[in-house]
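What follows is a pair of complexes built around chain A, which joins chain B in one and chain C in the other.
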Partner chain A sequence: MAEPLFRMARAEALRIVHLDSFVAVFHRSSGLTHLLAAPAPEIMATLGEAGLTRVALAEKLVADFDLEDLDDAALAERLDELVACGLVAAA
Partner chain B sequence: MSEKGEHEGNRRPATTRRRALMLGATGAVAVVSIRPALAQTAASVAHCEIPVPDAGRAGSYVAADGSLVAPGTTGAFPGPGHPLKGEDVKNALAGGQLPGTTADQSRAYTNYIRKLQSGTSGFTCFASLQMPRG
Partner chain C sequence: MRHVFSVRIGPVGFRVGSTWRTPIEQLEALYANYPRPEVPDFSVRLFPARPWRQFIRPSVTIGGDFMLPDALPLPLAQGLLAAEMGMNLQMALGQRRYLLLHASVVERDGKALLMSGISGAGKSTLSALLSARGWRFMGDEFALIDPETGLLHAFPRLVSLKNAAIDVVTNALPDARFGPLLAGTPKGDIRHLVPDASAVAAMDTPVPPALLLFPSYGFEADERLVPLSEVFVRLTQASTNYVALGERGFDALARLVKTVPARAIDYPDTDSAVKQIEKLWAAL
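Up next, the complex of A and B:
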(Lines of atoms letter the chains of each structure in order from A and count residues from 1; the text may use other names and numbers.)
(Lines give C-alpha, C1' and ligand atoms only; values in the text may rest on other atoms or scores of the structure.)
Protein backbone atom coordinates (compact mmCIF):
# COMPACT_ATOMS: atom_id res chain seq x y z
CA MET A 1 0.00 0.00 0.00
CA ALA A 2 1.36 3.41 -0.98
CA GLU A 3 2.32 5.76 1.84
CA PRO A 4 -0.05 8.72 2.17
CA LEU A 5 1.14 11.96 0.66
CA PHE A 6 0.82 15.09 2.79
CA ARG A 7 0.45 18.34 0.95
CA MET A 8 -0.08 21.96 1.89
CA ALA A 9 -3.48 23.51 1.10
CA ARG A 10 -3.54 25.31 -2.24
CA ALA A 11 -1.55 28.54 -1.92
CA GLU A 12 -4.32 30.61 -3.52
CA ALA A 13 -6.67 29.48 -0.74
CA LEU A 14 -4.32 30.89 1.90
CA ARG A 15 -3.44 34.39 3.06
CA ILE A 16 -0.22 34.24 5.05
CA VAL A 17 1.05 37.02 7.32
CA HIS A 18 4.33 36.75 9.22
CA LEU A 19 4.11 38.15 12.76
CA ASP A 20 7.51 37.96 14.41
CA SER A 21 7.60 34.50 15.97
CA PHE A 22 4.14 33.56 14.67
CA VAL A 23 2.65 33.09 11.26
CA ALA A 24 -1.05 33.92 10.83
CA VAL A 25 -2.72 31.92 8.08
CA PHE A 26 -6.20 32.79 6.85
CA HIS A 27 -7.69 29.76 5.10
CA ARG A 28 -10.29 30.99 2.63
CA SER A 29 -11.91 27.56 2.20
CA SER A 30 -12.86 27.30 5.87
CA GLY A 31 -12.96 30.99 6.80
CA LEU A 32 -10.69 30.15 9.73
CA THR A 33 -7.53 31.91 10.82
CA HIS A 34 -4.75 29.82 12.32
CA LEU A 35 -1.81 31.05 14.35
CA LEU A 36 1.18 28.84 13.71
CA ALA A 37 4.32 28.56 15.80
CA ALA A 38 7.48 26.70 14.81
CA PRO A 39 7.77 24.08 13.47
CA ALA A 40 4.32 24.23 11.79
CA PRO A 41 5.17 26.90 9.13
CA GLU A 42 8.42 25.10 8.30
CA ILE A 43 6.56 21.79 7.90
CA MET A 44 4.00 23.40 5.59
CA ALA A 45 6.70 25.05 3.48
CA THR A 46 8.67 21.82 3.27
CA LEU A 47 5.62 19.81 2.17
CA GLY A 48 4.67 22.39 -0.46
CA GLU A 49 1.75 21.85 -2.80
CA ALA A 50 3.47 18.86 -4.40
CA GLY A 51 3.42 16.98 -1.12
CA LEU A 52 5.70 14.46 0.59
CA THR A 53 5.29 11.21 2.48
CA ARG A 54 5.99 11.37 6.22
CA VAL A 55 9.33 9.63 5.74
CA ALA A 56 10.36 12.00 2.94
CA LEU A 57 9.26 14.98 5.07
CA ALA A 58 11.45 13.84 7.95
CA GLU A 59 14.41 13.38 5.62
CA LYS A 60 13.96 16.83 4.08
CA LEU A 61 13.65 18.50 7.48
CA VAL A 62 16.89 16.83 8.56
CA ALA A 63 18.57 18.05 5.35
CA ASP A 64 17.23 21.62 5.54
CA PHE A 65 17.35 22.37 9.24
CA ASP A 66 19.61 21.89 12.18
CA LEU A 67 17.15 19.63 13.95
CA GLU A 68 17.55 19.60 17.69
CA ASP A 69 15.38 16.53 17.91
CA LEU A 70 13.91 14.17 15.38
CA ASP A 71 11.19 12.64 17.38
CA ASP A 72 8.92 10.68 15.03
CA ALA A 73 6.03 10.87 17.48
CA ALA A 74 6.38 14.66 17.75
CA LEU A 75 6.55 15.04 13.96
CA ALA A 76 3.44 12.88 13.59
CA GLU A 77 1.65 15.07 16.13
CA ARG A 78 2.61 18.30 14.35
CA LEU A 79 1.44 16.80 11.06
CA ASP A 80 -1.85 15.64 12.61
CA GLU A 81 -2.47 19.14 13.93
CA LEU A 82 -2.03 20.62 10.47
CA VAL A 83 -4.30 17.98 8.93
CA ALA A 84 -6.95 18.51 11.61
CA CYS A 85 -7.14 22.24 10.92
CA GLY A 86 -7.24 21.74 7.14
CA LEU A 87 -3.95 23.44 6.26
CA VAL A 88 -2.43 20.14 5.19
CA ALA A 89 -4.30 17.44 3.30
CA ALA A 90 -3.43 13.75 3.44
CA ALA A 91 -4.09 11.69 0.31
CA MET B 1 39.29 40.60 13.85
CA SER B 2 37.60 43.51 12.20
CA GLU B 3 34.20 44.92 12.98
CA LYS B 4 33.21 44.31 9.39
CA GLY B 5 34.03 40.63 9.65
CA GLU B 6 31.89 40.21 12.73
CA HIS B 7 29.00 42.02 11.10
CA GLU B 8 29.10 39.75 8.07
CA GLY B 9 29.35 36.72 10.28
CA ASN B 10 26.13 37.65 12.05
CA ARG B 11 24.30 38.15 8.81
CA ARG B 12 25.32 34.97 7.12
CA PRO B 13 22.45 33.86 4.87
CA ALA B 14 20.33 30.85 5.72
CA THR B 15 21.88 28.79 2.93
CA THR B 16 25.21 28.61 4.73
CA ARG B 17 23.90 28.63 8.28
CA ARG B 18 21.14 26.15 8.88
CA ARG B 19 18.30 27.25 11.06
CA ALA B 20 17.70 25.34 14.26
CA LEU B 21 14.28 23.75 14.47
CA MET B 22 12.61 21.83 17.24
CA LEU B 23 9.73 19.51 16.47
CA GLY B 24 8.70 19.94 20.05
CA ALA B 25 7.88 17.59 22.84
CA THR B 26 4.87 15.37 22.32
CA GLY B 27 1.83 17.09 23.73
CA ALA B 28 2.93 20.59 22.68
CA VAL B 29 0.69 22.60 20.35
CA ALA B 30 1.94 24.52 17.31
CA VAL B 31 -1.40 25.52 15.81
CA VAL B 32 -4.12 27.65 17.38
CA SER B 33 -7.26 28.12 15.29
CA ILE B 34 -9.44 31.18 15.58
CA ARG B 35 -13.08 30.49 14.87
CA PRO B 36 -15.07 33.25 13.22
CA ALA B 37 -18.59 34.09 14.35
CA LEU B 38 -20.00 31.78 11.68
CA ALA B 39 -18.72 28.75 13.55
CA GLN B 40 -21.66 26.53 14.31
CA THR B 41 -22.24 23.84 16.83
CA ALA B 42 -21.85 20.19 15.90
CA ALA B 43 -25.64 19.80 16.03
CA SER B 44 -26.28 22.47 13.42
CA VAL B 45 -23.58 21.08 11.11
CA ALA B 46 -25.65 17.96 10.61
CA HIS B 47 -28.71 20.02 9.77
CA CYS B 48 -27.32 22.77 7.57
CA GLU B 49 -27.90 22.46 3.83
CA ILE B 50 -25.99 23.24 0.66
CA PRO B 51 -27.96 24.01 -2.50
CA VAL B 52 -26.30 22.60 -5.65
CA PRO B 53 -26.01 24.73 -7.64
CA ASP B 54 -26.66 27.84 -5.57
CA ALA B 55 -29.95 29.67 -6.08
CA GLY B 56 -28.37 32.35 -8.28
CA ARG B 57 -27.42 29.72 -10.84
CA ALA B 58 -30.24 27.25 -10.42
CA GLY B 59 -30.77 25.17 -13.55
CA SER B 60 -27.05 25.01 -14.39
CA TYR B 61 -25.49 21.56 -14.70
CA VAL B 62 -22.48 20.47 -12.63
CA ALA B 63 -19.48 19.21 -14.62
CA ALA B 64 -17.20 16.45 -13.32
CA ASP B 65 -14.67 19.00 -12.02
CA GLY B 66 -17.42 20.81 -10.09
CA SER B 67 -17.73 23.82 -12.40
CA LEU B 68 -21.20 25.00 -13.43
CA VAL B 69 -22.01 24.59 -17.11
CA ALA B 70 -24.99 25.13 -19.41
CA PRO B 71 -27.96 22.78 -18.91
CA GLY B 72 -27.73 19.72 -21.14
CA THR B 73 -23.90 19.72 -21.36
CA THR B 74 -22.65 16.18 -22.07
CA GLY B 75 -21.00 14.54 -19.09
CA ALA B 76 -22.41 17.10 -16.66
CA PHE B 77 -25.19 16.46 -14.15
CA PRO B 78 -28.32 18.43 -13.32
CA GLY B 79 -28.55 19.52 -9.68
CA PRO B 80 -29.95 16.95 -7.24
CA GLY B 81 -33.22 18.91 -7.06
CA HIS B 82 -33.00 19.40 -3.30
CA PRO B 83 -30.34 20.95 -1.07
CA LEU B 84 -27.72 18.48 0.14
CA LYS B 85 -27.64 17.81 3.87
CA GLY B 86 -24.55 18.82 5.83
CA GLU B 87 -24.08 15.37 7.31
CA ASP B 88 -24.22 13.70 3.86
CA VAL B 89 -21.76 16.24 2.45
CA LYS B 90 -19.43 15.65 5.37
CA ASN B 91 -19.43 11.92 4.64
CA ALA B 92 -18.90 12.55 0.92
CA LEU B 93 -15.97 14.90 1.60
CA ALA B 94 -14.43 12.13 3.68
CA GLY B 95 -14.58 9.77 0.70
CA GLY B 96 -18.15 8.51 0.91
CA GLN B 97 -20.93 8.87 -1.64
CA LEU B 98 -23.92 11.20 -1.53
CA PRO B 99 -27.15 9.25 -1.09
CA GLY B 100 -29.24 8.79 -4.23
CA THR B 101 -26.40 9.63 -6.63
CA THR B 102 -24.06 7.66 -8.86
CA ALA B 103 -20.34 7.71 -8.00
CA ASP B 104 -19.57 10.19 -10.82
CA GLN B 105 -22.48 12.41 -9.87
CA SER B 106 -21.46 12.40 -6.21
CA ARG B 107 -17.89 13.35 -7.17
CA ALA B 108 -19.11 16.23 -9.37
CA TYR B 109 -21.30 17.64 -6.58
CA THR B 110 -18.51 17.25 -4.02
CA ASN B 111 -16.09 19.04 -6.35
CA TYR B 112 -18.62 21.86 -6.72
CA ILE B 113 -18.91 22.15 -2.93
CA ARG B 114 -15.11 22.22 -2.51
CA LYS B 115 -15.02 25.28 -4.77
CA LEU B 116 -17.62 27.23 -2.78
CA GLN B 117 -16.37 30.68 -1.85
CA SER B 118 -17.49 33.07 0.83
CA GLY B 119 -20.69 34.76 -0.30
CA THR B 120 -22.08 31.74 -2.16
CA SER B 121 -25.05 30.15 -0.48
CA GLY B 122 -23.99 26.97 1.25
CA PHE B 123 -20.53 28.33 2.04
CA THR B 124 -21.24 28.81 5.72
CA CYS B 125 -22.42 25.22 5.94
CA PHE B 126 -19.38 23.97 4.02
CA ALA B 127 -17.05 26.04 6.22
CA SER B 128 -18.59 24.68 9.38
CA LEU B 129 -18.18 21.12 8.08
CA GLN B 130 -14.45 21.81 7.92
CA MET B 131 -14.19 23.12 11.44
CA PRO B 132 -11.77 21.17 13.51
CA ARG B 133 -13.58 19.12 16.09
CA GLY B 134 -13.67 20.20 19.70
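Up next, the complex of A and C:
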Protein backbone atom coordinates (compact mmCIF):
# COMPACT_ATOMS: atom_id res chain seq x y z
CA MET A 1 0.00 0.00 0.00
CA ALA A 2 1.28 3.43 -0.90
CA GLU A 3 2.30 5.79 1.87
CA PRO A 4 -0.49 8.30 2.55
CA LEU A 5 0.02 11.86 1.37
CA PHE A 6 -0.53 14.82 3.70
CA ARG A 7 -1.57 18.14 2.19
CA MET A 8 -2.13 21.56 3.63
CA ALA A 9 -5.81 22.55 3.42
CA ARG A 10 -6.50 24.41 0.19
CA ALA A 11 -5.16 27.97 0.38
CA GLU A 12 -8.61 29.41 -0.37
CA ALA A 13 -9.96 27.61 2.71
CA LEU A 14 -7.59 29.47 5.03
CA ARG A 15 -6.81 33.01 6.13
CA ILE A 16 -3.30 33.13 7.56
CA VAL A 17 -1.96 36.10 9.52
CA HIS A 18 1.55 36.10 10.96
CA LEU A 19 1.54 37.79 14.37
CA ASP A 20 4.83 37.18 16.21
CA SER A 21 6.03 33.69 17.07
CA PHE A 22 2.37 32.74 16.63
CA VAL A 23 0.37 32.50 13.45
CA ALA A 24 -3.39 33.11 13.47
CA VAL A 25 -5.25 30.89 11.03
CA PHE A 26 -8.93 31.25 10.21
CA HIS A 27 -10.33 27.98 8.86
CA ARG A 28 -13.25 28.82 6.59
CA SER A 29 -14.75 25.34 6.58
CA SER A 30 -15.22 25.23 10.35
CA GLY A 31 -15.32 28.97 11.11
CA LEU A 32 -12.70 28.32 13.79
CA THR A 33 -9.64 30.43 14.55
CA HIS A 34 -6.40 28.60 15.37
CA LEU A 35 -3.37 30.18 16.97
CA LEU A 36 -0.40 28.10 15.88
CA ALA A 37 3.12 27.99 17.28
CA ALA A 38 6.16 26.26 15.76
CA PRO A 39 6.38 23.70 14.29
CA ALA A 40 2.75 23.69 13.06
CA PRO A 41 3.03 26.60 10.57
CA GLU A 42 6.30 25.17 9.24
CA ILE A 43 4.73 21.74 8.77
CA MET A 44 1.83 23.27 6.83
CA ALA A 45 4.09 25.39 4.66
CA THR A 46 6.40 22.46 3.92
CA LEU A 47 3.54 20.15 2.96
CA GLY A 48 2.02 22.75 0.67
CA GLU A 49 -0.98 21.91 -1.45
CA ALA A 50 0.96 19.31 -3.44
CA GLY A 51 1.45 17.20 -0.33
CA LEU A 52 4.16 14.89 0.99
CA THR A 53 4.35 11.53 2.70
CA ARG A 54 5.30 11.55 6.37
CA VAL A 55 8.81 10.33 5.54
CA ALA A 56 9.29 12.92 2.81
CA LEU A 57 8.00 15.64 5.14
CA ALA A 58 10.52 14.67 7.83
CA GLU A 59 13.35 14.70 5.30
CA LYS A 60 12.34 18.09 3.91
CA LEU A 61 11.96 19.64 7.39
CA VAL A 62 15.46 18.42 8.33
CA ALA A 63 16.88 19.85 5.11
CA ASP A 64 14.96 23.16 5.06
CA PHE A 65 15.43 24.03 8.73
CA ASP A 66 18.92 22.57 9.25
CA LEU A 67 17.68 20.21 11.95
CA GLU A 68 20.25 17.81 13.38
CA ASP A 69 17.64 15.18 14.05
CA LEU A 70 13.89 15.03 14.17
CA ASP A 71 11.60 13.31 16.67
CA ASP A 72 9.43 11.17 14.38
CA ALA A 73 6.89 10.41 17.09
CA ALA A 74 6.43 14.10 17.93
CA LEU A 75 6.11 14.98 14.25
CA ALA A 76 3.45 12.28 13.83
CA GLU A 77 1.53 13.73 16.79
CA ARG A 78 1.67 17.29 15.39
CA LEU A 79 0.56 16.00 12.00
CA ASP A 80 -2.36 14.11 13.55
CA GLU A 81 -3.43 17.26 15.40
CA LEU A 82 -3.37 19.30 12.21
CA VAL A 83 -5.41 16.62 10.44
CA ALA A 84 -7.89 16.50 13.33
CA CYS A 85 -8.59 20.25 13.11
CA GLY A 86 -8.80 20.22 9.33
CA LEU A 87 -5.75 22.35 8.56
CA VAL A 88 -4.04 19.36 6.94
CA ALA A 89 -5.79 16.70 4.87
CA ALA A 90 -4.63 13.09 4.70
CA ALA A 91 -5.20 11.34 1.38
CA MET B 1 -46.31 48.12 26.10
CA ARG B 2 -47.81 50.95 28.06
CA HIS B 3 -44.71 53.16 28.32
CA VAL B 4 -42.29 53.46 25.43
CA PHE B 5 -39.00 55.24 24.80
CA SER B 6 -36.82 55.26 21.68
CA VAL B 7 -33.27 56.47 21.31
CA ARG B 8 -30.42 56.31 18.84
CA ILE B 9 -26.98 55.84 20.38
CA GLY B 10 -24.34 56.13 17.68
CA PRO B 11 -25.43 53.93 14.78
CA VAL B 12 -27.80 51.80 16.87
CA GLY B 13 -31.48 52.48 17.53
CA PHE B 14 -33.30 51.09 20.57
CA ARG B 15 -36.93 50.92 21.55
CA VAL B 16 -37.56 50.32 25.25
CA GLY B 17 -41.03 49.34 26.39
CA SER B 18 -41.96 49.18 30.04
CA THR B 19 -44.90 48.22 32.21
CA TRP B 20 -43.90 51.02 34.60
CA ARG B 21 -43.57 54.72 33.92
CA THR B 22 -40.53 55.46 36.12
CA PRO B 23 -37.73 53.80 34.10
CA ILE B 24 -39.03 55.43 30.91
CA GLU B 25 -39.13 58.89 32.55
CA GLN B 26 -35.56 58.41 33.74
CA LEU B 27 -34.42 57.37 30.26
CA GLU B 28 -36.21 60.36 28.70
CA ALA B 29 -34.48 62.75 31.09
CA LEU B 30 -31.00 61.24 30.78
CA TYR B 31 -31.11 60.73 27.00
CA ALA B 32 -32.86 64.07 26.34
CA ASN B 33 -30.09 65.28 23.99
CA TYR B 34 -30.04 62.13 21.85
CA PRO B 35 -31.84 61.73 18.52
CA ARG B 36 -34.69 59.29 17.97
CA PRO B 37 -34.12 56.40 15.53
CA GLU B 38 -36.15 56.19 12.35
CA VAL B 39 -36.45 52.44 12.85
CA PRO B 40 -35.06 50.81 15.99
CA ASP B 41 -32.55 47.99 15.54
CA PHE B 42 -33.36 46.37 18.87
CA SER B 43 -36.25 46.19 21.30
CA VAL B 44 -36.00 45.92 25.07
CA ARG B 45 -38.97 45.05 27.26
CA LEU B 46 -39.25 45.63 31.00
CA PHE B 47 -42.10 43.66 32.50
CA PRO B 48 -43.16 41.87 35.70
CA ALA B 49 -42.36 38.16 35.89
CA ARG B 50 -45.89 37.57 37.32
CA PRO B 51 -48.87 39.94 36.95
CA TRP B 52 -49.00 40.77 40.67
CA ARG B 53 -45.31 41.68 40.70
CA GLN B 54 -46.28 44.84 38.84
CA PHE B 55 -47.61 46.15 42.15
CA ILE B 56 -46.44 43.93 45.01
CA ARG B 57 -42.67 44.19 45.55
CA PRO B 58 -42.46 45.19 41.89
CA SER B 59 -39.58 43.53 40.08
CA VAL B 60 -38.40 44.11 36.54
CA THR B 61 -37.71 41.24 34.16
CA ILE B 62 -35.43 42.18 31.25
CA GLY B 63 -36.69 40.98 27.89
CA GLY B 64 -36.23 41.93 24.27
CA ASP B 65 -35.25 40.55 20.90
CA PHE B 66 -32.45 38.68 22.64
CA MET B 67 -32.82 37.37 26.19
CA LEU B 68 -30.81 35.53 28.79
CA PRO B 69 -33.12 32.78 30.07
CA ASP B 70 -31.81 32.78 33.63
CA ALA B 71 -31.38 36.55 34.19
CA LEU B 72 -32.72 37.52 37.60
CA PRO B 73 -35.28 40.36 37.77
CA LEU B 74 -34.26 43.63 39.44
CA PRO B 75 -36.32 45.68 41.92
CA LEU B 76 -38.26 48.54 40.31
CA ALA B 77 -35.95 51.05 42.01
CA GLN B 78 -33.24 49.69 39.68
CA GLY B 79 -35.46 49.89 36.59
CA LEU B 80 -33.03 52.27 34.86
CA LEU B 81 -30.25 49.73 35.33
CA ALA B 82 -32.55 47.04 33.91
CA ALA B 83 -33.11 49.18 30.80
CA GLU B 84 -29.38 49.79 30.35
CA MET B 85 -28.60 46.10 30.88
CA GLY B 86 -31.31 45.24 28.37
CA MET B 87 -29.78 47.53 25.75
CA ASN B 88 -26.30 46.11 26.38
CA LEU B 89 -27.69 42.60 26.12
CA GLN B 90 -29.19 43.29 22.69
CA MET B 91 -25.82 44.56 21.50
CA ALA B 92 -23.84 41.68 23.02
CA LEU B 93 -26.12 38.99 21.64
CA GLY B 94 -27.54 40.56 18.51
CA GLN B 95 -25.10 43.01 16.97
CA ARG B 96 -23.76 41.73 13.62
CA ARG B 97 -22.93 44.91 11.73
CA TYR B 98 -19.85 45.78 13.79
CA LEU B 99 -17.17 43.81 15.57
CA LEU B 100 -17.88 44.47 19.24
CA LEU B 101 -15.09 44.72 21.77
CA HIS B 102 -15.75 45.13 25.46
CA ALA B 103 -13.79 48.35 25.79
CA SER B 104 -14.15 52.05 26.48
CA VAL B 105 -13.20 54.48 23.74
CA VAL B 106 -12.17 58.14 23.71
CA GLU B 107 -10.97 60.30 20.83
CA ARG B 108 -8.45 63.07 20.41
CA ASP B 109 -7.08 64.65 17.22
CA GLY B 110 -9.35 62.46 15.11
CA LYS B 111 -7.91 59.21 16.48
CA ALA B 112 -9.30 56.73 18.98
CA LEU B 113 -7.86 55.27 22.16
CA LEU B 114 -9.35 51.91 23.19
CA MET B 115 -9.16 50.65 26.75
CA SER B 116 -10.02 47.02 27.32
CA GLY B 117 -9.91 45.08 30.54
CA ILE B 118 -11.78 43.03 33.08
CA SER B 119 -14.58 44.53 35.15
CA GLY B 120 -12.93 46.81 37.72
CA ALA B 121 -9.96 47.67 35.48
CA GLY B 122 -11.25 51.25 35.26
CA LYS B 123 -12.52 51.40 31.68
CA SER B 124 -15.55 53.57 32.48
CA THR B 125 -13.80 55.72 35.06
CA LEU B 126 -10.81 56.49 32.85
CA SER B 127 -12.98 57.29 29.84
CA ALA B 128 -15.07 59.69 31.95
CA LEU B 129 -11.97 61.35 33.44
CA LEU B 130 -10.35 61.75 30.03
CA SER B 131 -13.57 63.32 28.72
CA ALA B 132 -13.12 65.94 31.46
CA ARG B 133 -9.70 66.71 29.96
CA GLY B 134 -10.72 67.46 26.43
CA TRP B 135 -11.03 63.97 24.97
CA ARG B 136 -14.22 63.09 23.12
CA PHE B 137 -16.12 60.32 24.90
CA MET B 138 -17.09 57.57 22.44
CA GLY B 139 -18.30 54.83 24.77
CA ASP B 140 -17.60 53.04 28.04
CA GLU B 141 -18.92 49.59 27.21
CA PHE B 142 -18.50 48.60 23.58
CA ALA B 143 -16.06 49.59 20.86
CA LEU B 144 -17.80 49.18 17.50
CA ILE B 145 -15.39 48.36 14.67
CA ASP B 146 -16.64 48.45 11.09
CA PRO B 147 -15.12 45.39 9.38
CA GLU B 148 -15.30 47.18 6.02
CA THR B 149 -13.30 50.26 7.00
CA GLY B 150 -11.59 49.39 10.29
CA LEU B 151 -13.03 52.62 11.73
CA LEU B 152 -14.41 52.90 15.24
CA HIS B 153 -17.99 54.07 15.63
CA ALA B 154 -19.08 55.84 18.79
CA PHE B 155 -21.61 54.22 21.10
CA PRO B 156 -21.82 56.89 23.81
CA ARG B 157 -24.47 55.42 26.07
CA LEU B 158 -24.73 56.53 29.70
CA VAL B 159 -21.46 55.91 31.55
CA SER B 160 -22.01 53.28 34.19
CA LEU B 161 -20.01 54.28 37.29
CA LYS B 162 -19.68 51.79 40.09
CA ASN B 163 -18.87 52.14 43.80
CA ALA B 164 -15.70 54.22 44.43
CA ALA B 165 -15.71 55.49 40.82
CA ILE B 166 -18.90 57.44 41.54
CA ASP B 167 -17.17 59.92 43.88
CA VAL B 168 -14.02 60.12 41.76
CA VAL B 169 -15.96 61.13 38.66
CA THR B 170 -18.46 63.35 40.50
CA ASN B 171 -15.53 65.36 41.86
CA ALA B 172 -13.80 65.54 38.47
CA LEU B 173 -16.98 66.57 36.63
CA PRO B 174 -18.92 68.74 39.09
CA ASP B 175 -21.11 70.27 36.36
CA ALA B 176 -22.02 67.02 34.65
CA ARG B 177 -25.47 65.44 34.80
CA PHE B 178 -25.92 62.20 36.67
CA GLY B 179 -28.74 59.71 37.05
CA PRO B 180 -30.12 58.60 40.41
CA LEU B 181 -27.86 56.62 42.76
CA LEU B 182 -28.84 52.97 42.40
CA ALA B 183 -27.77 51.39 45.67
CA GLY B 184 -27.31 47.69 46.31
CA THR B 185 -27.43 46.43 42.73
CA PRO B 186 -25.82 43.06 41.87
CA LYS B 187 -22.69 45.11 40.98
CA GLY B 188 -22.81 47.33 44.08
CA ASP B 189 -23.76 51.01 43.91
CA ILE B 190 -24.22 52.37 40.40
CA ARG B 191 -24.71 55.88 39.13
CA HIS B 192 -24.97 56.86 35.47
CA LEU B 193 -23.14 59.83 34.02
CA VAL B 194 -24.66 61.61 31.02
CA PRO B 195 -21.99 62.03 28.31
CA ASP B 196 -21.40 65.69 27.53
CA ALA B 197 -23.11 67.41 24.60
CA SER B 198 -20.00 67.25 22.40
CA ALA B 199 -19.89 63.44 22.69
CA VAL B 200 -23.48 63.23 21.43
CA ALA B 201 -23.03 65.90 18.76
CA ALA B 202 -20.02 64.07 17.27
CA MET B 203 -21.29 60.52 17.71
CA ASP B 204 -21.89 60.01 13.98
CA THR B 205 -18.23 60.67 13.19
CA PRO B 206 -16.18 57.44 13.16
CA VAL B 207 -12.41 57.60 13.65
CA PRO B 208 -9.47 55.25 13.10
CA PRO B 209 -8.02 53.48 16.17
CA ALA B 210 -4.55 54.69 17.20
CA LEU B 211 -3.75 53.05 20.54
CA LEU B 212 -4.91 49.99 22.46
CA LEU B 213 -4.53 49.96 26.24
CA PHE B 214 -5.06 47.16 28.73
CA PRO B 215 -5.24 48.95 32.10
CA SER B 216 -4.98 47.19 35.48
CA TYR B 217 -5.88 49.05 38.65
CA GLY B 218 -4.20 48.59 42.02
CA PHE B 219 -0.54 48.20 41.10
CA GLU B 220 2.54 50.40 41.00
CA ALA B 221 2.67 52.48 37.83
CA ASP B 222 4.15 50.39 35.05
CA GLU B 223 3.76 49.75 31.36
CA ARG B 224 4.78 47.07 28.94
CA LEU B 225 4.49 46.25 25.27
CA VAL B 226 1.96 43.53 24.60
CA PRO B 227 2.93 40.91 21.99
CA LEU B 228 0.59 40.75 19.01
CA SER B 229 -0.50 37.19 19.78
CA GLU B 230 -1.48 38.22 23.32
CA VAL B 231 -3.40 41.22 21.97
CA PHE B 232 -5.19 38.93 19.54
CA VAL B 233 -6.20 36.47 22.26
CA ARG B 234 -7.23 39.19 24.73
CA LEU B 235 -9.42 40.86 22.13
CA THR B 236 -11.11 37.65 21.00
CA GLN B 237 -11.99 37.18 24.67
CA ALA B 238 -13.13 40.79 24.95
CA SER B 239 -15.41 40.49 21.93
CA THR B 240 -19.02 39.46 22.30
CA ASN B 241 -19.56 38.63 18.63
CA TYR B 242 -16.16 37.58 17.24
CA VAL B 243 -17.32 34.00 16.62
CA ALA B 244 -20.66 35.08 15.17
CA LEU B 245 -18.99 37.37 12.63
CA GLY B 246 -16.82 34.55 11.29
CA GLU B 247 -14.26 35.62 8.71
CA ARG B 248 -15.30 39.29 8.84
CA GLY B 249 -14.51 39.25 12.56
CA PHE B 250 -11.14 37.56 11.99
CA ASP B 251 -10.14 40.06 9.31
CA ALA B 252 -11.28 43.07 11.37
CA LEU B 253 -9.47 41.85 14.46
CA ALA B 254 -6.29 40.87 12.62
CA ARG B 255 -6.18 44.31 10.97
CA LEU B 256 -6.62 46.04 14.33
CA VAL B 257 -3.97 43.91 16.02
CA LYS B 258 -1.45 44.33 13.20
CA THR B 259 -1.85 48.08 12.76
CA VAL B 260 -2.53 49.55 16.22
CA PRO B 261 0.15 49.63 18.95
CA ALA B 262 -0.84 48.00 22.24
CA ARG B 263 0.36 48.59 25.80
CA ALA B 264 -0.60 47.17 29.17
CA ILE B 265 -0.49 49.72 31.96
CA ASP B 266 -0.64 49.21 35.72
CA TYR B 267 -1.77 52.17 37.79
CA PRO B 268 -2.14 52.87 41.51
CA ASP B 269 -4.73 55.68 41.19
CA THR B 270 -6.66 57.49 38.48
CA ASP B 271 -4.43 60.61 38.49
CA SER B 272 -1.45 58.41 37.72
CA ALA B 273 -3.38 56.56 35.00
CA VAL B 274 -4.39 59.77 33.25
CA LYS B 275 -0.76 60.97 33.26
CA GLN B 276 0.48 57.61 31.92
CA ILE B 277 -2.15 57.67 29.16
CA GLU B 278 -1.44 61.26 28.11
CA LYS B 279 2.28 60.45 27.98
CA LEU B 280 1.78 57.35 25.84
CA TRP B 281 -0.54 59.28 23.55
CA ALA B 282 1.96 62.11 23.13
CA ALA B 283 4.64 59.59 22.16
CA LEU B 284 2.62 58.06 19.33
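Methods note: the second predicted complex is superposed on the first by the 89 of 91 C-alpha atoms of A that agree within 3 Å, B and C clash if a C-alpha of one lies under 4 Å from a C-alpha of the other, contacts with A are read in each partner's own complex, and residues count from 1 in each chain.
The rule is short, and it goes like this: a residue touches a chain if its C-beta (ideal position, glycine included) is under 8 Å from a C-beta of that chain, and two chains touch if they have at least 3 such contacts.
Nothing here was measured: the structure is a model prediction, and the numbers come from that model.
Undergrad: So in the superposed three-chain picture, is A:A90 touching just chain B, just chain C, both, or none of them (first/second/both/neither)?
TA: After superposing on A, A:A90 lies clear of both chain B and chain C.
Undergrad: With the two structures laid over each other on chain A, which partner does A:R78 touch: chain B (first), chain C (second), both, or neither?
TA: It touches chain B, and chain C stays clear.
Undergrad: Examine A:A11 and indicate which partner it touches, taking first as chain B and second as chain C; both and neither are also allowed.
TA: In the superposition, A:A11 touches no partner, neither chain B nor chain C.
Undergrad: Counting residues of chain A in contact, which comes out ahead: chain B or chain C?
TA: Between chain B and chain C, B touches the greater number of residues in chain A.
Undergrad: Quick check on the superposed pair: does A:V55 touch chain B, chain C, both, or neither? Answer first, second, both or neither.
TA: neither
Undergrad: Report for A:L35: first if it touches chain B alone, second if chain C alone, otherwise both or neither.
TA: In the superposed model, A:L35 contacts both chain B and chain C.
Undergrad: In the overlaid three-chain picture, which partner chain does A:A45 touch, first (chain B) or second (chain C), both, or neither?
TA: Touch status of A:A45: no partner.
Undergrad: Taking the superposition on A as described, I'd like to know which of chain B and chain C A:D20 touches: first, second, both or neither.
TA: second
Undergrad: Common interface residues of chain A with chain B and chain C?
TA: Correct list for chain A: 28, 31, 33, 35.
Undergrad: Under the touch definition given earlier, write down the residues of chain A that touch chain C in their complex.
TA: Touching chain C: residues 15, 17, 19-22, 24, 26, 28, 31, 33, 35 of chain A.
Undergrad: Within the complex, which stretch of chain C touches chain A?
TA: Interface residues on the chain C side: 227-229, 232-233, 236, 243, 246-247, 250-251, 254, 257-258.
Undergrad: What part of chain A is in contact with chain B in the complex they form?
TA: Interface residues on chain A, with respect to chain B: 28-40, 42, 61, 64-71, 73-75, 77-78, 81-82, 84-87.
Undergrad: What residues on chain B touch chain A, complex-wise?
TA: 18-36, 38, 114, 117-118, 123, 127, 130-133
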